[in-house]
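Same chain, two partners: chain A is paired with chain B first, then with chain C.
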Partner chain A sequence: MEILKPAMAGTLESSDAQVTVEPGNGKIELSLESSVMNQYGRQIRQTVLETLDRLGVTSANVTMVDKGALDCTIKARVECAVMRSCGKSEASIPWGGMIK
Partner chain B sequence: MIPRPRPERFRLRRTMMFMNAQKPGLIKDAYIYGVDSIMLDLEDAVAENQKDAARFSLYHALKTIDYGDTEVIVRINGLDTPHWQEDIRVCVAGGADGIRIAKCESANDVKTVEAAVEKAEEEFGVEKGRTLLMAALESPKGILNAYEICAASERMFGVAISGGDFRKCMQTTPQRDGIDMVVARGQMLIAARAAGIQCFDTVFTNLDDQEGFEAEVRQNKAMGFDGKSLINPKQIRYVHEVFAPTEKEVRQAEKIVSAFRENAAKGLGVFTVDGKMIDIAFIPGAERTLRLARACGMYEGDLV
Partner chain C sequence: MSYSLETISPLDRRSNAQMDELLKAEGIRRDGHLDYSCGLFDDDGKLVATGSSYGNTLRCLAVSSSHRGEGLMNQVVSHLSERLLNNGYFHQFLYTKEKNYRIFADLGFYEIARIEGQLVFMENRKGGFERFLSSLGDVKKDSACIVMNANPFTLGHRYLIKKAASENSFVHLFLLSEEAGPIPFAVRKKLVLEGIKDLENVIFHESGPYMISSATFPSYFLADEDTAINAHAILDLKIFSKIASHLDIHSRYAGSEKTSHVTGLYNSVMASELPKYGIRFVEVERLSKEGETVSASTVRQAIHDDKLPEVINMLPESTARFFQSSEAESVIRAIKAMKDPRHY
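On to the complex of A and B.
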């Protein structure tokens, strides 16, 4: 999927993560801030990158502020932000396909 | 991925706690409270511009989190909104046990949802008929049409009244003695029993008024409700206490069921237990008491 416009999903509440995606320059730039960076930073980064890969996003500037979200929440927030940036977040979501 | 077992249409549902599907902090460990069912909300708890985000969050929660024996129901947006169809797709794809139809007013509303659920079951390769339905009656029209709603589908397991909206329509407010909703509750209960489905009361929203809450729960039990919707974990324990059968009721039910089976084997249909006439009409009630007692940890026998 192509990131068409800036979009955001999620909140800064505990157990949540706020993800912002913006159009990139041909590669993925990920800036990550997390309250559990020392413990889980690598795993969180991997989850974000895997999710972007699954969505076919190859060019984006991604910012994530993590407040101790579980993997399932991180995935949900990244997916929602990407779908929003393409204007495809509201209907006919490929549940179980690209979203899994 | 957590494959949930096929939902049971009639199971114990004393408590159903509402949770905002958009809040990860709430839904990630909702099974710890010991509530019978959780109600993940896509409707009123979720702001209009977060409906999409709530669905992504819901999908992954359903697929990832092991809710164990806790039933997982999702409240979808009303049929007068642009959201309900996608809500149904995500519920079915995620494998929710059931869907609560908000603002239900007719059998036709149930059939509309049923058709969309069936289509989604086909789309996502989910066993046909797996996803259960319940309806929330929130308006005078919903209450008047309660029976046709209750009987509208084989998927329907229950019906609930939604006090906030209903009282607004009726130009009343919560009263200590429940007089504001006694007719509506009564009509809904009769309709549910006539259709053979379960019936649940509305939430009690004033968390500071424990006395008022307890009085309402006792009235619910006396009227014959199966359970109650809740908004806070601290309300669970009292409902479970009130809805538990008494020790005497459990022993009586045990006697009745075992005596019935013995006598039936001997060819006897009617007999007495402790001086009271018993026949087959008493059995479903006695078995229900035993199932309830088992859930409350009061019965360990093998009659049910």
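On to the complex of A and C.
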């Protein structure tokens, strides 16, 4: 999926994460800030990258400010931001396909 | 206790009074220019947290001291940054008191510059400022700097640039990239580039959001109290000092200013602040033509009054040609529509 415009999903509230995606230049750049960076930084990063990979995103600047979100929340926020950024959130979200 | 997040309309006197009270209690000056405000209200309709924005900056952020530690600022900032993003502002800025720096660092904001004991200026991009610095290109030895609005480019601007270019090996010329006046950035840039074509040691840059922008220096664009202008100017120069040390700039040139209040004040702050960073401030007496000082505001006034021929001797050939061409129609219309074309 191609990131067409910047988009955001999620909030900065506790147990949530705020994800911003912007068009990139050929690769995934992830800037991560987390309140549990030392404990789960690597796990969070991996979850974000896996989700992007599943969505077929290969070029994006991703900023994530995590406030202790669970993996399922992180996935959902990343998916939502990506769908918004390519204009799919209004009509054609691939439920059961890329979004599992 | 649950809170509801509501927009505070400028017409809502009761909520605005509460907002004023909260800001005052937290020692924050209410910004004169806000284009959006919101607040968190408790079950009794009492305001417990507030935040506002203007353009791409978050402002007047405060949480009532009796509600600290409840994550209320997170809600306010989430709401504001999402709203700004939906309005097309992806790169966002804020100022905060130095002691509250940590709160915003945890919300994904990164420090650009700080004035010790006072405030910290932040952005939502990690390494955004560093990327701006590296986009400025090669570092040149013995270079000076000029920052100008060129609204529009006159012989006065050219005189200043030429003087700096003759006294230094290189001149970094920054053109304000913010759209603020009646003349669009693209036009100002075109006229500057044409006007300096023959000056080989002048390096052109766009100022971006880090120099005299509505983020660093809001009062440059909109009237405000002198104390605010001073504070903004000091912050702007602090950021400039970082740009200067990156580019090895040792002098900054500016034209003397008699008419514009804010520019005059900015010059005087430059004279006192720049030497602290080891930068020489050179104020150049303005160019005069037939007894009249050349200034862009005089030119705008003349265009406004349909008297372009009277100021044609203040303009380089390229600018004069532009304003006589059909291309300039929309710009001239915009200048004529201004109530006070001299202002700022």
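Going forward, the second predicted complex is superposed on the first by the 100 of 100 C-alpha atoms of A that agree within 3 Å, B and C clash if a C-alpha of one lies under 4 Å from a C-alpha of the other, contacts with A are read in each partner's own complex, and residues count from 1 in each chain.
Criterion: contacts are C-beta pairs under 8 Å (C-beta built on N, C-alpha and C of every residue); 3 or more make two chains touch, one makes a residue touch a chain.
Please read all numbers here as calculations on a predicted model, not as lab measurements.
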- Query: When the two structures are superposed on chain A, do chain B and chain C clash or fit side by side?
  - Reply: fit
- Message: Touch test for A:Met1: chain B only (first), chain C only (second), both, or neither?
- Response: neither
- Query: A:Leu49 contacts which: chain B (first), chain C (second), both, neither?
  - Reply: neither
- More residues of chain A are touched by which partner: chain B or chain C? B
- Please state, to the nearest 10 degrees, the angle that the Cα centres of chain B and chain C subtend at the Cα centre of chain A after superposition. 120
- Query: Can A:Cys86 be said to touch chain B (first), chain C (second), both, or neither?
  - Reply: neither
- Counting only touches as set out at the top, which of chain B and chain C does A:Glu13 meet: first, second, both, neither? both
- Which partner does A:Ala76 contact after superposing on A: first (chain B), second (chain C), both, neither? first
- Who does A:Leu30 touch here: chain B (first), chain C (second), both, or neither? neither
- Task: Give, as a whole number of angstrom, the minimum Cα separation of chain B and chain C in the superposed three-chain arrangement.
- Result: 9
- Residues of chain A contacting chain B in one complex and chain C in the other: 13-14
- Under the touch definition given earlier, write down the residues of chain C that touch chain A in their complex. 71, 74-75, 77-78, 81-82, 85, 90, 106-108, 124-127
- Message: Give the list of chain A residues in touch with chain B in this complex.
- Response: 9-10, 13-16, 69-73, 75-77, 79-80, 83-84, 89-93, 95-96, 99-100
- Note on the structure: chain A residues touching chain C in their complex are 6-8, 11-14, 18, 20, 22, 31, 33, 35, 63, 65, 67
- Note on the structure: Listed in rising order, chain B residues that touch chain A in their complex are 23-25, 28, 51-53, 55-57, 59-61, 63-65, 82, 85-86, 89-90, 93-94, 124
